[in-house]
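Multiple structures are listed underneath, in structure tokens.
Below are two complexes that have chain A in common, paired first with chain B and then with chain C.
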Partner chain A sequence: MIHDTGVLIGRNLRLSLTTRSFFQLVVSPLVFFAGFAIVLDRLLTLRGVDFGQFLPPAIVMMAMGLAPVSTAFFIGRERQSGMLDRCRTMPINSLSVLIARLGTDAVRSLIPIVVLVAAGHVIGFRFAGVPSAVGFALLAVAFALSFCLGAAVVAIRSPDPESSASALFLPMLPLINLSTVFAPMSVFPDWLEPVIRINPYSVVVDALRALAAGQPVSWWPPLAWIVGLSLFFGLAAVRAFRRA
Partner chain B sequence: MTAIVELRHLSKSFGTTVALDGLSLAIPEGSVVGLLGPNGAGKTTLINCLTTLLRPDSGSATIAGHDLLTEPDKVRAHIAVTGQFAAIDETLTGRENLVFFGRLLRLGKDEAKDRAGGLLERFGLSAEADKPVKTYSGGMRRKLDLAASLVVPRPVLFLDEPTTGLDPVSRETLWDTVRDLRSTGVTILLTTQYLEEADQLADRIVVIDHGKVVAEGTAQELKDRVGGGAVCEIRIADPGVREKAMAVLGRSAEGEDGPIVLPAEGVEALAGIVKTLEAAKIEPDDLALRKPTLDDVFRSLTGRPE
Partner chain C sequence: MTSTALLLSGRTMKRFLRTPPLIIIAFVFPVVLMFTILPLYGGLIEDDYIQRLAPLIVLSTATFGMAPSAAGLYADFRAGIFNRLRTMPISAASTVAGRIVGEVLRIVAVAVVAIAVAHIPGFRFTAGPAGVLGFFCVVAVFGAMCTSVSLLVALTGPDEDTVQSALGTPATLAFFLSSGFIPVTAFPGWIQPVVRVNPLSTASEALIGLTGGGPVAAPLLQTLAWAVGLGGLCALLSVRAYRRRAR
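Up next, the complex of A and B:
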């Protein structure tokens, strides 16, 4: 299984060396970054927010939120081309295709994180230390992968890869808007507070910011979300990939 | 000869649709078997079951001595599949595709490269080996797809409509490859829409319809069933007249349109047909005597043209 997964990841990464991926993983996070930096800088600084520390984790969350779209895209493509079926007629572990996809997505997710941390450096984003940087990256990737598993389930079941990819794009917008990704808790009305507080985007972005700043992190809420989603989608994905 | 693929009463339903209805079949080792059937006859379901993609509802099957249901992994180690879709990566080169499959099937790096190079040469793809597949023609893709099935030689090869959509020249070269493979002792189960392809390649032909085997034999044996030496083909454009002709000639299976085909070995049989038409005052638009084809077999068995 390790060998099969390794070979598949090698191929997946080779397939990722495209202009499309470069735009997805490098250019578009930078465009988001620049766009939001221009719009939000003064607004948030006026409210007393340390903008340099606040913005990069927000754009990282956006990039992580888009990772499942490419998971669905690639699985859909493998399904349509017949590659998935071909793999399933070969004496390789049926789960290695799924694990290789997630491994590839983990690597793909790291790219925008590195790009955004570098861009953030320019506006004053700093890590408290090496462990906080490593924790930051691991948490962000784990968050992305828990949603990628969900996307894998949708893609393997959906008859139409195009529509499944765009369907996955939709839930991200309300989740991001009703969270502390782009706005501090103080801007939301009181009655919305419980929703904002429980939103997985809020708990993860709060943990990322605390990690970067070297402040105490409340680990339970983000880990509960990530582990819960991974178990739920993971079991469904394993079943979907094992069918037949 | 022993059977390398053996199915016993294989059934598979999708909801209320019965795709395979207790199908039994034995494929002798080293033979090429052509699987024919109209659309919806169960060909694809059968191939999907045999290649471990679908689990049959009941019945059993063994491939190379391994049980399909209890040892799917061992079955997978003995089969190779080339489907209707070219399951190869567009952005990779032909060589990269083959090396990838070799590595996935546990060949060492150098071995995988050697095998890839050898196959590219054998399929006449050496000149294009290092170009991305998206620059390949349809025929080249099919060849590469077939080559990908041969990276690690397997005793049983499934070819699901290998030449659908190919031009006649590419088809011929693919046929040559299949003949080559046969000569190396590979057992091949081939589905095709082209009866001529089955006629050219297959040692035995199996016709299935409604999930069951409706006829089995060599191409010649099947042709003999519709009329040993010759058949008479009658064409009548007017549907009413055609129906009347069918009635007087005692035919029912030919379906809605197309020629009426009758066994007509010898002058006497032909004369009989002509006299019958004359007595019923039916003037055919065209009447011809010819050798039977698999098309005739197909029509007479399924009532539908392939």
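Up next, the complex of A and C:
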């Protein structure tokens, strides 16, 4: 099974070498980085935020939030092209297709992280040390994968996978905007505070910022979200893949 | 020619209305975008931020619609619609015009819904019926410009993926760098000239003016200049590109 998964990851990665991927993983994160850097710099610096440390984790969260869209896109395409059916006729475990998809998405997620950390360096973003950088990348990728599992469920069950891929963009908007990703808690009206506080995007981005700065990290909230979502979506995905 | 164009615009509309996911995304996306941006940037900027945000949301339906609209064109190519139209005595101009009118109808329909919903968090027209009419006319003119750009890029681009990225990325940049998002003076000084000439800024300012929140004449003229210059040029070139492709 490990060998099968490896072969499939290799195949997925070769199929990822497209203009679309380049735009998704390199150009678009940089565009968002530049856009938010220009728009938010004055507004947040006025509020006493250390903008250089604040912004890169925000855009990393955004790139991680978009990873599930391509998970759904690729699974949808493999379903339509008959690749999934073909894998089923072969003597391999049907789960290796799912695991290979996630492995590929993990590698794909690392690309925008590297690009954004490099861009962040220009505006003064620094890691406290090598362990904090490694922890930062691992936490971000784990967060992306827990949502990719959800996207896999949607893509395998939806009748029209290509449009479900674009619809996955929608839940990200409230999650990312109503969180501490782009602004500190004090900006929001008081009645929204409980929502902002419990939002997985808030707890993960707070942990990423603490990790980067070398401050003590409260691990429980982000890990609870990631493990919980992964278990929930993971079981659903395994069932969906076995049945499909 | 006019009747053919209207017929084809009806087809563009019907194609949209018969694809439920497209409808949901088209109508839900702007509303979700509006309600999630509002508490964040409303807290950062000013109390009646909805007066600035609602116009931008309406206009961004047109700019973010450029890539999907190009995808629709490619779907039509694959389905052979254009080969079929080519065998009929229809001018290229009416095909292009039909496409633009159809997309503009969609953009205005979404704008009406989004503006109706924007009344919940306090958006108001305070410049009378003429202002309301002018508001949706500007939306239509801006939508026609965006559709022409998207048509030209789709007709001359190398392949669907590249075309979609080439339309989506500038649309995102234009969204950020517009005074519909945050006021010009909140931008760093060096980028302010870019923000001022951005067509999304001029159109936003025109719409804000037409709701009674600022000057009308200057941003309106700038927006018309963009629409006639860029939109007109792209429409003409699209007709040529279409003819060449049809040969």
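Going forward, the second predicted complex is superposed on the first by the 243 of 244 C-alpha atoms of A that agree within 3 Å, B and C clash if a C-alpha of one lies under 4 Å from a C-alpha of the other, contacts with A are read in each partner's own complex, and residues count from 1 in each chain.
Assume a contact is a pair of C-beta atoms (placed from the backbone, for glycine too) under 8 Å apart; a residue touches a chain by one contact, two chains touch by 3 or more.
Treat the numbers as computed from the prediction; the structure is a model and nothing was measured.
S.K.: When the two structures are overlaid on chain A, which partner does A:A183 contact: first (chain B), second (chain C), both, or neither?
M.R.: The second partner, chain C, only.
S.K.: One more residue to check, A:G228. First (chain B), second (chain C), both or neither?
M.R.: A:G228: touches no partner chain.
S.K.: If you count the residues of chain A that each partner touches, which comes out higher, chain B or chain C?
M.R.: Chain A has more residues touched by C than by the other partner.
S.K.: Going by the contact rule set out at the top, does A:G214 touch chain B (first), chain C (second), both, or neither?
M.R.: neither
S.K.: When the two structures are overlaid on chain A, which partner does A:T18 contact: first (chain B), second (chain C), both, or neither?
M.R.: A:T18 contacts both chain B and chain C.
S.K.: Could you tell me if A:P131 is touching chain B, chain C, both of them or neither one (first, second, both, neither)?
M.R.: After superposition on chain A, A:P131 lies in contact with neither partner.
S.K.: I'd like to know which partner A:V7 touches here: chain B for first, chain C for second, both or neither.
M.R.: first
S.K.: Return first, second, both or neither, reflecting whether A:A167 touches chain B, chain C, both chains, or no partner chain.
M.R.: In the superposition, A:A167 contacts chain C only.
S.K.: Which chain A residues contact chain B in one complex and chain C in the other?
M.R.: Correct list for chain A: 18.
S.K.: With touch defined as at the start, can you tell me which chain A residues reach chain B in the complex?
M.R.: Per the touch definition, chain A meets chain B at residues 3-4, 7-8, 10-11, 14-15, 18, 80-83, 85-92, 244.
S.K.: In their complex, what parts of chain A are in touch with chain C?
M.R.: Within the complex, chain A contacts chain C at residues 18-20, 23, 27-28, 31-32, 34-36, 38-39, 41-44, 160, 163-164, 166-167, 169-170, 173-174, 176-178, 182-183, 187-189, 192.
S.K.: Okay, in this complex, where on chain C does chain A touch?
M.R.: 19, 21-22, 24-25, 28-29, 32-33, 35-37, 39-40, 43-45, 159, 161-162, 164-165, 168-169, 172-173, 175-177, 181-182, 186-188, 191
S.K.: Please name which positions on chain B make contact with chain A in the complex.
M.R.: 51-55, 73-74, 76-77, 79-81, 83-89, 91-92, 96, 100, 103-106, 148
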